[in-house]
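To start, the structure under review is shown below, and the notes come after it.
Order as written gives the chain letters A, B, C and D; numbering starts at 1 within each chain.
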Amino acid sequence: MNGGQDLGGMHGFGPVAPEADEPRFHAAWEKRVFGLAMAMGLSGTWNLDASRSAREALPPGEYLTSSYYAIWLKALESQVQAHGLVTPEELATGRGFVPAAPVKRVLRGEEVDPLFARGFPSDRPVPDPARFTVGDRVRARIVNPVGHTRLPRYVRGRTGRIEAVHGGFVFPDTNAQFAGEAPQWLYTVRFAARDLWGDQAEAGHAVSVNAFESYLEPAEPESAA
Amino acid sequence: MAHDHDHEDHDHDHHAPHHASELSPMELRVRALESVLVEKGYVDPAALDRLIETYETKVGPHNGARVVARAWVDADFRARLLADATPAMRELGVGGRGGEHMVVVANTQEEHNLVVCTLCSCYPWPVLGLPPVWYKSPPYRSRAVIEPRAVLAEFGVTLPADQRIRVWDSTAELRYMVLPMRPAGTEALDEAALAALVTRDSMIGTGLPRAPGPSA
Amino acid sequence: MNGGQDLGGMHGFGPVAPEADEPRFHAAWEKRVFGLAMAMGLSGTWNLDASRSAREALPPGEYLTSSYYAIWLKALESQVQAHGLVTPEELATGRGFVPAAPVKRVLRGEEVDPLFARGFPSDRPVPDPARFTVGDRVRARIVNPVGHTRLPRYVRGRTGRIEAVHGGFVFPDTNAQFAGEAPQWLYTVRFAARDLWGDQAEAGHAVSVNAFESYLEPAEPESAA
Amino acid sequence: MAHDHDHEDHDHDHHAPHHASELSPMELRVRALESVLVEKGYVDPAALDRLIETYETKVGPHNGARVVARAWVDADFRARLLADATPAMRELGVGGRGGEHMVVVANTQEEHNLVVCTLCSCYPWPVLGLPPVWYKSPPYRSRAVIEPRAVLAEFGVTLPADQRIRVWDSTAELRYMVLPMRPAGTEALDEAALAALVTRDSMIGTGLPRAPGPSA
């Protein structure tokens, strides 16, 4: 979605502000939100793409004025309610009033280390051959989906070159909507900064994004006109 | 509550400490969520504690620094790392959640690499730990792709005008680590001493490795 | 600038919410801000484009969470200080401490009716002939100026057709920066919705913008390649 | 102040009335600005009062409605209005600040027109008055250009599927007024009665004129 999260190329946010001490968390509640989001993410009720989608769904003004873990919290509150795990009354009081809904798994303390050390790969086999190959000139499609997508606005309609073919990966746009992993070929596409930002772009600068196959089309119209 | 009315409900970053006896509205809100999730059996408190402990104290940029130092001293490892980073890092026991699909991009005299996630906060957790706030915040996310030299200047990094900049926007599940150039004057250093020169920012691309100290 | 004001095509703001009674102002202070901005706008210290620019310069999160007249107020406070008319201390206390700076005009009560009934036209002669004519296919340039511009992001790089040529008008991008009115030919450019939004665009829908000549280039590269 | 601490400093639209004896932080802030601008001689209080009075009470959509009604009954006027709206409106005494460069776009069976200003709040003040809050707000400004049919549906307007929609984004100093189609069954109405059918929204494109009453 064209929401508050799609920040590439925006102006007006001021300087980057590194902190001297860089605490990993800035309040006790941030740690708890982090842990709760991780734990609930493994309940099998939703997936990582759906969580990103829930965060992006905050109204842009709220997204941009909420701290990072406040965004996580609001999204998690929204998800547990949307999936029927917690009622609004339970959220308001912190006490359970209705029986727990079944979840696919409850992450146990002793499972954390082995599961997180192994990780959760997103690569998947794709039966069809890749449409593009390294060196191909491609254009990022002009799309504006209301739902989750990982094609940022700043590359849409712009032309770049395939730089790497990474194999098949879970497609976030469908997965976020629980419409299947529908894996697609994933590419790295390199864009010259001038093609993204125009003649005033900083010199000697290029940007690469990872783009799923359906985000791309050949830069020159295909032969059958 | 009485002293908190006009602070915590804005959700901005607030770093002011609170008296232990006064919970902010955000603390209360999160406590309610945690209580009900635990009470209903969705969350095991032991898992929650372990997750927080892991990412607060265990993972961090020391993992990435070890990878970089090894690549500086071992040309074969470097080649494996650049060809397929995930298994190469596994040789050093580095990997896991958030690092399932690692890509390492090497700085050269010709090109400097910079990593960002404009859409959220993708970051190689097992290699660099949790990202700093600035990495997740709008100024960096908006500007890194459109004016990377200006951003680097704010980090105190001024590159030669003829060194190109390549920005990697982490828009899928690939996670990037920058392999910085080995600083000059480090021929005598061992791998551990080299790792100590590798800053977190030098593996994001917003910094360069430390120069060796005068004793090196 | 690519700021919070550039809203065309964004998602996530929710439904349009008309009010039943539609008061023109929602608090007494809003009327005062409106009047003050109008009056100060005639002081000759800045121009309308500079005022728009000052409003857009609010950080996007603040812009999107401020009410309309709060945006006007913050911009006006910023302008009177930036132009040396009022000091921060004066603004904080509401009392003058340093002598007034000269302004080009002070709008008098009796001037309001005739001046506002006449208006303030923005058309200006342009010596050169218009580059484009009705029917020409043009592409909105890919530009991302840090300063004020009136070319919205959603048309940049997109192709449309010249539908009207309106004559010369003050160029906002320079005027906002007090770099001259530098008048340019102004066009109406019609874009098919599919060319702006992709295949999922609503059917039978087109969007027109008013575009200054320097915002546009011929859609097909000009002959001298 | 004591009762205002958590309200007015958020700057959101707040419509709650205040006791006259309690000024909100925003009222105080604006009062300070006005005081110093008047004290230093930059603003004449009489001009301020006249400006507010003019735009609060004098200008409004009745002006546009007169223009529309005239165009419905006078084909020559309609032709002049569509060819060059500014002087045509001046014939009826309509014009001035915010209406210096008027463009009138006529609805037809084939095409419906809708006006928006995605970048700010451009609106033909002397023709329609000051715009309503929704016209200036992010939902309308963001959506009118990308999903006008959905926006129209929220206004209760469902157009035939084969009627195209043309959206006019007011990105320069041209100001648009929609000339709606004359409703059926109004042959017997005089110009004043016709003007009474012309709603503000019908001249923005988010509405249609009223149908004539049963007595018409």
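In this text, a contact is a pair of C-beta atoms (placed from the backbone, for glycine too) under 8 Å apart; a residue touches a chain by one contact, two chains touch by 3 or more.
These figures come from a predicted structure and were not determined experimentally.
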- Query: Which is the least count of steps on a path of touching chains running from subunit A to subunit D?
  - Reply: 1
- Note on the structure: Contact tally winner between B-C and A-B is A-B
- Rounded Å distance between subunit B and subunit D, as computed from the means of their C-alpha atoms: 50
- So, in whole Å, the Cα centroid of subunit A is separated from that of subunit C by 33
- Message: Measuring centre to centre with CA averages, how many angstrom lie between subunit B and subunit C?
- Response: 40
- Averaged over CA atoms, how far is the centre of subunit A from the centre of subunit B? Could you give it in whole Å? 17
- Task: Send over the residues of subunit C in touch with two or more other chains.
- Result: 9-11, 13-14, 60-61, 64-65, 144, 196-197
- Quick one: which residues in subunit B touch 2 or more of the other chains? 138, 146
- Query: Which positions of subunit B touch subunit C when the two form their complex?
  - Reply: 138, 146
- Residue set of subunit A touching subunit D in the complex reads 60-61, 144
- Query: Along subunit D, where are the residues that touch subunit C in the complex?
  - Reply: 10-15, 24, 26-27, 29-37, 39-52, 54-56, 95-101, 118-121, 126, 129-130, 132-134, 136-143, 145-151, 154-155, 161-174
- Contact residues on subunit C for subunit A in the complex? 1-4, 9-14, 56-65, 141-146, 153, 157-158, 195-200
- Item | In the complex, subunit A residues that touch subunit B | 5-11, 13-19, 22, 24-29, 31-36, 38-40, 43, 52, 55, 64-68, 70, 73, 76-77, 80, 85-86, 90-96, 100, 103, 106-113, 115-123, 150-152, 154, 166, 169-170, 172, 186, 188, 190, 193, 196-197, 201-212
